[in-house]
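Structures are listed in the sections that come next.
First chain A sits with chain B, and in the next complex the same chain sits with chain C.
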Partner chain A sequence: MKKYGKWAFYLLLIVIVALIPLYLNRSKSGKYTIQVLTMAMIWAIATLSLNLILGYTGQASLAHGAFLGIGAYAFGIFVERVGINIWPALILASLITAFLGMLVGLPSLRTKGPYFAIVTLCFNVIVFKVFENWTWLSGGLRGQKVTMPSYLEARWARYYVVLGFLILAILIERQIVKSLLGSSFIAIRSNENLSEAVGINSFRTKLLSFTVSCFMVGLAGGLFAMEKGSLDYTITNYMYSFYLLIYLLIGGAATLAGPVVGTVGLYFLLDKIKGIGEWRYFIFGLILIVVIIYFPRGIVGGAKQFWEWAKKKYYRTGEVLE
Partner chain B sequence: MSFFLNQMVIGIQLGSQYVLVALGLTLIFGILDISHFAHGHMYMIGAYLLYIVMVLGGVNYWLALVICMAALSIAGVVVERAVYRPLRGQPHINSFIAAIGLILVLETLVRGIQPDALRVPKPIDKNFSFLGINMEVQRLIVIVGAIVFIILLQVFIKRTRLGTAIEAMSQDREGAALVGINVNRMSALTFAIATALAAVAAVFMAPLAFVSPEMGSVLVLKAFVIVVIGGLGSMKGAILGGYLLGILEALAIAYISSAYKDVFAFGVLIIILAIWPTGIFGGRD
Partner chain C sequence: MLELNDVHCVIGKHAVISGVSLQIGEGELVCLLGANGAGKSSLFKTISGLITPTQGTIEFEGRPIHKKNPEKIVKLGVSLCPEGRKLFPRLSIRKNLMMGAYTRYREKSQTAKTLREIYELFPILEERADQEAGTLSGGEQQMLAIGRSLMCKPRLLLLDEPSLGLAPLIVKKIMETIEGINRGGVTVLLSEQNASMALSISSRGYVLENGHIVLEGTARELAGNEEVKKAYIGA
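On to the complex of A and B.
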């Protein structure tokens, strides 16, 4: 019964989220909100991908901003210059990102802890510099245009496409995490040497986690290009890697709801206080420091902890009453 | 030949800046095990402070150097106390993320107050020629000044009680605590020294380049590259690596391409770490 209740809750949530555009589409500001929510969900997919490698496998990748840009550009180039239909282009873009991720993972995953973070950050800077200077690839300052088929011109249509991919991404990540593979990821995060000792090939497992993660972030990149309609080289900036990290940490790493709650919540909030310009990142930074010191498990992790504590307390007093 | 020599001098001057920043970072990263990614932004704060003290306040350049060092060492202590000390003993990634928060705070704070890049005048605005090398006096100040501060740091670490305490901590933190070294005091001191060194680098370099909010972000990454390759906590490695990277970069700019200079620096790091995952001189795991 309890299980059905949980599923009913998720179903209700999906229905509500699916109904939002119907309400918002009536006004001009509502249409803008649809756009903001769509973008927030795209970032949520990217954060989910970081969650796989950082949250579950414990490897802090700071190259996800670069991979997001690579996925976006791969999609844009396939659609615009090669002239492929957008759906195969989306899959191809994700596959290319995953392949590049594997190539980067091969040398970088041999390093551990802060070294891995530094190596991946260096890779991100390299990608940024290449996109900045190689104008044939990135289109330079003019950027790369991405034209969408007419049925995706309405904002609400793209909202549903992205929502579908977000649900898919959550489900796939859930399946991975609940499987034996997910347990190996968590084992590596907890103690890599010990996981080696019980027969997990930690390097191959990390590489698999990184490749799958890059596939997901490539998908997010493709959707990003679809939503934006044009790209420029700044999308590969390593600040985006930092933002993804912040979304994940504030939402709650190693949970499935955390990345979505953190990203959509923060993105929406940042858009609401757009009036103060750059200063919002000042607040962003302060929140990050406070969260990491006092609530290292993030919003969802903290809520879970509170729920466990409350349940324990409730049951204990119940026993006393009996 | 004189072109090559000129490039070498520029390389050594770039390297001097890297050495000063990397020495501070290797103290923090190697001894306290904190990935202080905001170190480059402390450097940036130092450059802005120089602008305030020297250009707006009209103070002499050398006095401004002392003021900036003092102010930044206090700022370093504050950062250690407020941000990193509450995170001690927690997973490594947490202090790293706090550093990113600090980067956002410092960079947006400065950009919010002064969005434009600034210029600091050179204290001695002259050129000089020597053996076919023709360059600004400021470059010479950077090179000689860096050597002076490297020697001062070595003397401090090797010859004073406080310095040997820091060295003891770098070798064995538990052991140092056991023989009565106050770890809290020492980590505050380490931050003070490291940030003061960043201030030195900033004061020397500011007259040669624009002062802007993001001037420290790539620099700190390069300093990390140097620290990782040179071996965690190794000052010799940081000095050697810093000069080497500076010279390599100057040669790459002169003979290959200036737009891709950072690509070389970071590409080399990835290749080196792929071969030796804990650095050439074998840092800690």
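On to the complex of A and C.
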């Protein structure tokens, strides 16, 4: 019964989220909000991808900004220069990002802890410089145009496409985490030497997690290009890797809802307060400090902890009363 | 079954194992005695592939394993239960046990059967199957660690100080369980500081000091040896 209740809640949530554009599409400001929500969901897919490698497997990748850009550019180039239909182009862009992720993971995952973060950050800086200087690839300052088919011109249409992919990403990540493979990711995060002792090939498992994670961020990149309609090299900026990290830490790493709550909440908030200019990043930093000090497991992790505490307290009180 | 010939190991600049040679026959329960820092855990890690020996050979059932990685060694039937009741604290008890069967993930029905056997051996683990492993008591954690190392259906079980930090009553139960596991056909190499307890259930033993085997013999011989009595039994 409890299980059905949980699924009914999720279904209700999906229905509410699916109804939002119907309400917002009536006004100009509402249409803009649809665009903001669509972008927030794309970033949420990217944060979910980071959650797999950092939250569950414990490897702090700071290259996801680069992979997001690679996925976006691969999609744009396939659609615009090669002339492929957007759906196979989206799959191909994700596969290319996953393949490049695997190539990067092969040497970098042999390092441990902060060294992996440093190596991946260096990779991100290299990719940024490559896209900045190889104008034949990135389109330079003119950028790369991405033409969408007419049925995706309406903002609400793209909203539903991205929502569909977000639900798919959550379901895939859930299946992975609940499986034996997902447990092996958590085991490696918990104690890599012990994982080796029980027979888990930690390098191969980390590489798999990183490759799947890159596939997901490549998908987010493709959707980003789809939503924006044009790209420039700044999409590969390493600052995006840090944004993803902050979204994840605030939402709650190693939870399924955390990346979505953290990303959508913060993205929406930052957009709402953009009138204060650069000061909004001060608020961004303040939120990060408060969350890290008072909710080290993020908003969702903290809420879960509070729920467990409240349940225990309630039952204990019940026993006393009996 | 297991044969170590002149095994040397170096960690950093320190030689932790220096020329260890030992043999264990099939079905035996052999104990390895030694004080803290004698090299017992390093020797276990070397046998299970976590440390690569700098010299010497290790053969399991006639096959050299000293250059194999831990995953392959587990697949061959050697399982390590590390010192300090090491678990995956955020995973449930059932998932911790399933991690022990990671190398057998394709044998689903066999794994389910082994899981039932482990639950019969330690019923408390079944009662708390969905509880996080980190919430268990010391004794229960040790049961889980032993249970997990049995999930891969090992032919050789390496138990590193299973009694460390446990109450005497729990230690007695753990030792009885180890004897039972051995009677069930699993060869056991048991490392212990609690020499009298280890010798009481073993058939043979080795004494390790500063990475060297300094003494070997039957459990009775070692229990009667004055040096062993003085250094490890305290008589």
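We adopt the following convention: the second predicted complex is superposed on the first by the 322 of 322 C-alpha atoms of A that agree within 3 Å, B and C clash if a C-alpha of one lies under 4 Å from a C-alpha of the other, contacts with A are read in each partner's own complex, and residues count from 1 in each chain.
Following the convention adopted for this analysis, a contact is a pair of C-beta atoms (placed from the backbone, for glycine too) under 8 Å apart; a residue touches a chain by one contact, two chains touch by 3 or more.
Only a predicted model underlies this, so the values are computations on that prediction, with no experimental measurement involved.
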Considering only the touch criterion stated at the top, classify A:Leu180 as touching first (chain B), second (chain C), both, or neither. second
Between chain B and chain C, which one contacts more residues of chain A in the superposed model? B
Just chain B (first), just chain C (second), both, or neither: which does A:Asn201 touch? second
On the A-aligned overlay, A:Ile16 touches which partner chain: chain B = first, chain C = second, or both, or neither? neither
Quick one: classify A:Asn191 as touching chain B (first), chain C (second), both or neither. second
Which residues of chain A are in contact with chain B in one complex and with chain C in the other? none
What residues on chain B touch chain A, complex-wise? 29, 35, 83, 86-87, 90, 92-94, 96-98, 100-105, 107-109, 111-112, 218, 221, 224-225, 228, 259-260, 262-263, 266-267, 269-271, 273-274, 277-279, 285
If we count contacts the way the header does, which residues on chain C are in touch with chain A in the complex? 48-50, 69-71, 74-75, 80, 82, 86-91, 95, 98-100, 102-103, 105, 148-149, 152
Chain C-facing residues of chain A, complex: 180, 183-184, 186-187, 190-191, 193-201
Within the complex, chain B is touched by chain A residues 54, 60, 106-108, 110-115, 117-119, 121-123, 125-126, 129-130, 132-133, 242, 245-246, 249, 277-279, 281-282, 284-289, 292-293, 296
